[in-house]
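Order as written gives the chain letters A, B, C and D; numbering starts at 1 within each chain.
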Amino acid sequence: MSKPLRIGMVGSGYMGKAHAIAYRNAMAAFEISSESLICDMLADATPELAKQKALELGFRRSTGDWRDMINDSDIDVIDICAPNFLHKDIALAAIAAGKHVYSEKPLALNSADAKRMTEAASLAGVSTLVGFNYIKNPTLQFIKQLIEQGDIGDLVHFRGVFNEDYLAQADLPFSWRLQQEFAGSGALNDLASHLVQLALHLMGPITELCADVKIVHKQRPLMDSNDRSGRDMGMVENEDQAHMMVRFANGAQGTLETSRVAWGRKNGLSFEITGTKGSLVFDQERLSEFSLYLAGDKPDRQGFKRILVGPEHPDYKAFCVSAGHGLGFNDMKAVEIRDLYEGLVNKRRLWPDFRAATQVNVILDQVIESHRRNAWVKIEQYDGDQ
Amino acid sequence: MSKPLRIGMVGSGYMGKAHAIAYRNAMAAFEISSESLICDMLADATPELAKQKALELGFRRSTGDWRDMINDSDIDVIDICAPNFLHKDIALAAIAAGKHVYSEKPLALNSADAKRMTEAASLAGVSTLVGFNYIKNPTLQFIKQLIEQGDIGDLVHFRGVFNEDYLAQADLPFSWRLQQEFAGSGALNDLASHLVQLALHLMGPITELCADVKIVHKQRPLMDSNDRSGRDMGMVENEDQAHMMVRFANGAQGTLETSRVAWGRKNGLSFEITGTKGSLVFDQERLSEFSLYLAGDKPDRQGFKRILVGPEHPDYKAFCVSAGHGLGFNDMKAVEIRDLYEGLVNKRRLWPDFRAATQVNVILDQVIESHRRNAWVKIEQYDGDQ
Amino acid sequence: MSKPLRIGMVGSGYMGKAHAIAYRNAMAAFEISSESLICDMLADATPELAKQKALELGFRRSTGDWRDMINDSDIDVIDICAPNFLHKDIALAAIAAGKHVYSEKPLALNSADAKRMTEAASLAGVSTLVGFNYIKNPTLQFIKQLIEQGDIGDLVHFRGVFNEDYLAQADLPFSWRLQQEFAGSGALNDLASHLVQLALHLMGPITELCADVKIVHKQRPLMDSNDRSGRDMGMVENEDQAHMMVRFANGAQGTLETSRVAWGRKNGLSFEITGTKGSLVFDQERLSEFSLYLAGDKPDRQGFKRILVGPEHPDYKAFCVSAGHGLGFNDMKAVEIRDLYEGLVNKRRLWPDFRAATQVNVILDQVIESHRRNAWVKIEQYDGDQ
Amino acid sequence: MSKPLRIGMVGSGYMGKAHAIAYRNAMAAFEISSESLICDMLADATPELAKQKALELGFRRSTGDWRDMINDSDIDVIDICAPNFLHKDIALAAIAAGKHVYSEKPLALNSADAKRMTEAASLAGVSTLVGFNYIKNPTLQFIKQLIEQGDIGDLVHFRGVFNEDYLAQADLPFSWRLQQEFAGSGALNDLASHLVQLALHLMGPITELCADVKIVHKQRPLMDSNDRSGRDMGMVENEDQAHMMVRFANGAQGTLETSRVAWGRKNGLSFEITGTKGSLVFDQERLSEFSLYLAGDKPDRQGFKRILVGPEHPDYKAFCVSAGHGLGFNDMKAVEIRDLYEGLVNKRRLWPDFRAATQVNVILDQVIESHRRNAWVKIEQYDGDQ
């Protein structure tokens, strides 16, 4: 490649660091030279913080104002690791400047914003990618292949859960995550966005859903208070847990569940898919394996087979030549970066892009709407291509 | 006890044999003498079959007509292991004759029948018991204790599944199980009846639900046909799979799922209960253990603890003095027989009785109704005591 | 059968009760009529205790002196559930009286005694059976079949463990179990006897071994002392843990390990067998399943398959018609009783008989000898038929 | 730091690539700036290959002769990823040139070579590190802490296994791995070297062992032959499987087992450690979790607790802020690089260094010797500090 791809990243918190690790990991694993992909500029809240973090995370330049990167003609891609409520403004500015955009999920706080972002990108002709990294796992790539090849037959059921316990402690302090203005929905945006995207990816479009949503801990102590006696409490505005029944376009049924108060679940993204010829079970807390049941085995030796991901499966070989050695969470992100790089170089549609991510926002909005109306709702098919 | 308890059992198929094993197992494990509990008479379709089976299963007398037992003044308890569609007639006749009734589940094909049976028993003043044996498991008895003691705090979520694959093979022949007249509903009656009863037992009353139901394999080859080419097919009348969202009276949410076409699941009754202080996971395919997560552990050593059932837990000691040796499916039934025997001897309410079982039928009827109306439905509280 | 088989059982403690449950369970499951197999007489330490226990455990007659049964011409089989150190005297007396003998394991406290008992039985022409019930498990019966059919190829390695924690607590009181006179060896006799027998059963003869043995807690408080300060302590005479390397006649290697102080293991009998075409993993704490790996699967879908025992596997159907419902520890004992009954009726060699059990004692003696000499030892092949 | 640390790496195969990934991963995760740690030069068999690989793996310079790096005064550390039989020559040359050496395991083909290398390094005053990366896992670091803090009491038993199946297929071609000249021992050097090192790390010195060793597949087809009919076969010179009993200096017993023909095991490094107050179970195929049993829990809620590694455990936070997200195999290597970097910068003893690794070679040599003599052997304590 004659011209390198230059990245400008906004945000250097948890997710910014994960991206920084992933850029280097992707370059080493997929053998992308440092002349081809450059971590160029990092933006954060202040010039000092940005400078310090750029040094630590391996970016060449830094700025205290993300708009500097938008206006920098050297930057090809804006990578958004900023808080969720800023995604829209940064993305729209980047698109207006003709930059490609790589945004963390959820794309937006609601589907109206997501659609506006998608349409802007479409008009500007820039490429977009949203960080739904779980589906980049070689294990999930292989599961996708098995489904497409028909190994488990016609799909009849999907049960998916994404539960964690990061807010299970009742007296954890009030924060921006609990406010609609900054976070939009709660566990739905944080966790279920991944689960919905994964369900769409593996099962196809959702046409109808009926949902139920609950705030378990209705108020939390305000952080700036030294008094936890209950007088100074903030009212939680978004859901701690939610679940829904869905109907897929292919006729299959499904349930999706999410919670941020599910004690014991740390990265509890799991699913079971049943088809007419077999079934599949996956648990993100053991991300380098899955279980497969195929109906055709002899009657006395049928069972779920635990398959460890290895070099026979997609993209694993880039990380390790031997099966069973195990990939980690950060490796999924490296595959995502590889997709970003190769997609842009080869001018292919990145995936999942803003359009695909908007479909997730459309569904999450309808979860709230279904709960509000206490009824089944139809789902708009915004991303017709998926 | 001066006078022994004499059992008359109707039916000697799979479930009849399980009861026969359980009577003897219960007597040995709980040290009930053979002068106190007597397997007296067995009824089946013909005198010859009944005689043969009585010999094999250890009953003293036999008959080709179950009405003979109803009219036999020596018989104290009618134990109904006949096909589901006969439960009502046998139970009503037994009640009319002043006999106690021990019936297999589902109590009836619908809630109207179940209520009529319950009211008859109530008027006659006889005791009733329904064979929801899973909850008799020492593991589940202990889980119930943990919940009642508040070990996992206030309950916030229940996810229950009862999936099997006995009809997953698409070309299994048409049978009575697939016809509403003889079976009522499908997976709901066969499997979900257990799951609903268990959910009520552990979580308390369900006040509302919204359900979705599906026939996956719409027709099956007729058995009397040599032709599987598709011309002679029977239309399946009841659901292969179903799921529902529920709301419990205590404010918790839940999902319940059932399937008879879920490849790989052989006795796939499993649940996860989340509370404000911990959570619990159980899987019937590993019935002698469960996992417990308690929030209070030190941060660096939190996790689900796999607890093997042992003599410290309810009723285990009757079977084995050492932990981890494992109880089997039939042992649950033996606990049920012990409950039957001790309850009758001590004139205590048996549990779950017809009234409690009717509540299960009420809910299963509303699953179908919810699906028909494509909407949430309210649940009548028939069993106010539960 | 014209004449019933009449059992006289010595001992009504833990193991006596397990046998009592098993007789009834076997009769119901395998449809042996109560006219064919009779629990006739129970002997225990005093007439009063024996009488009480006979009533509870379902025996017709009772006695305070086991010699009464030996002299009773109606008794066909003496079932020895007495403490280990009494096995020899009771068995020799029973054999002298021409009775068949069904003894709990370990057959004797050492191989010299075991040989004497075997030779006596051989001369008298009576049948013998020793209660190594674990191998009666349908799961293990199927594993045996897979090995014999060559499904996993030539055997190359066996790793077996039987660990429990019943003496892990350092201050548990001193008891007969810790004295050579009454218990012989420690974990070896209690636990490893099962493991060695199972290894011989699945892998064939052991020709050499090298062992290491250890008393972890060297003294224990004497029970009749109110003082746990350390002054009144009993010296433990037999091993808390032991392990050995073995060489099988078929060329395979193996390790066997046992412990009664292994925290967390409750019935921790587990093994992994490797062959040239596959491997097998079993864990008694989950006795109704095992895992099978077969080399021939496609490279991208290889893995250990978890197989739930079901009606396709040996003897399961007698207990339950559906897979995955789970057998319990007591069900293994019922299969053993069925073997006893059918073997005697059909005049077949019972298995494992005294001869086979003596081979286990021969090996356990050599474990101690190997440890004493700190060297490999050769193993006498006493049971040439196995 | 004023002067950067410059790495020269020999070898760009599987392990070279793993190192390349690890350097970048370590720099991003542990925030080591690219001015402080420089992947400077890569050596491989030819200049062309080295140049190509340097580009792919992110090294600045390249050479077709590793001696160029030895002679390059800019290089601070020689990182040896060359085949095992070259470790000695490269290390000795590097040490002679005053360079620090970071070598893959096994350090040498035998303990004599390892000692010579250790003594040279000692005399030259250079630092050394050997790539026993498994112990760098945050999970294992935490296990080490638990042991040192006494959480599981005094150690009484260790059972360790490192089995894989990379040579289980009987007709895999003959290769250098099967020849003593190039590989030394077989599974012992490849796999058991890790297991022995880990056992020493967690349990302390081994004082005696008795081992058994076996070549399962005695010959393999020669690669340059088109004929697999058996005429052109190479004789395998080193063991396919081995196991040993060991005695630790602290009085604990242990067994260690290794195999390269154990079907189904892909990265099957597992161990169980028993102490007087609890026990620990770990399986490398699920490297981000372990199970802990503590004796002190209440009797009715005892069990193994599955603990997911998270930010409360050592070094995890550098990779991810949330528990349960899972680290991968390559992340262990990144921790090793961090140790290399920080140790050299802060002039601390690197660990495990050549001295510690030599102790592993001493033990592996004695495994062969014990097998040859068919007897227990005493172990020289070469690394007195460990």
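Please note the rule applied: contacts are C-beta pairs under 8 Å (C-beta built on N, C-alpha and C of every residue); 3 or more make two chains touch, one makes a residue touch a chain.
According to UniProt, the chain labels map to these proteins: A, B, C, D = Oxidoreductase domain protein.
What you see is a predicted model; the values in this text were computed from it and never measured.
**Student:** What's the farthest chain from subunit C (Oxidoreductase domain protein) if centres are computed as the mean of the Cα atoms?
**Tutor:** It is A whose centre lies farthest from that of subunit C (Oxidoreductase domain protein).
**Student:** Would you say A-B or B-D is joined by more C-beta pairs in contact?
**Tutor:** Answer by contact count: A-B.
**Student:** Taking each chain's centre as its mean C-alpha position, how far apart are subunit B (Oxidoreductase domain protein) and subunit C (Oxidoreductase domain protein) in Å?
**Tutor:** Result: the chain centres lie 35 Å from each other.
**Student:** Please work out the Cα centroid separation of subunit B (Oxidoreductase domain protein) and subunit D (Oxidoreductase domain protein), and write it as a whole number of Å.
**Tutor:** 54
**Student:** Roughly how far is subunit A (Oxidoreductase domain protein) from subunit B (Oxidoreductase domain protein), going centre to centre by Cα mean, in whole Å?
**Tutor:** 41
**Student:** Which positions in subunit D (Oxidoreductase domain protein) are in touch with at least two other chains?
**Tutor:** 289, 302-304, 308, 310
**Student:** Could you please specify the touching residues of subunit C (Oxidoreductase domain protein) with respect to subunit A (Oxidoreductase domain protein) in the complex?
**Tutor:** Going through subunit C (Oxidoreductase domain protein), the ones touching subunit A (Oxidoreductase domain protein) are 142, 289, 291-292, 297, 299-308, 312-313.
**Student:** Residues of subunit B (Oxidoreductase domain protein) touching subunit C (Oxidoreductase domain protein) in their complex?
**Tutor:** Answer in residue numbers: 14, 17-18, 20-21, 23-25, 27-29, 31, 33-34, 55-58, 164, 166, 265-268, 284-289, 308, 310, 319-331.
**Student:** Considering the complex alone, what residue numbers of subunit B (Oxidoreductase domain protein) touch subunit A (Oxidoreductase domain protein)?
**Tutor:** Of all residues in subunit B (Oxidoreductase domain protein), those touching subunit A (Oxidoreductase domain protein) are 152, 156-157, 159, 161, 163, 168-170, 210, 212, 214, 216, 241, 243-245, 247, 253, 255, 257, 259, 261-265, 274-279, 293-295, 302-304, 374-376.
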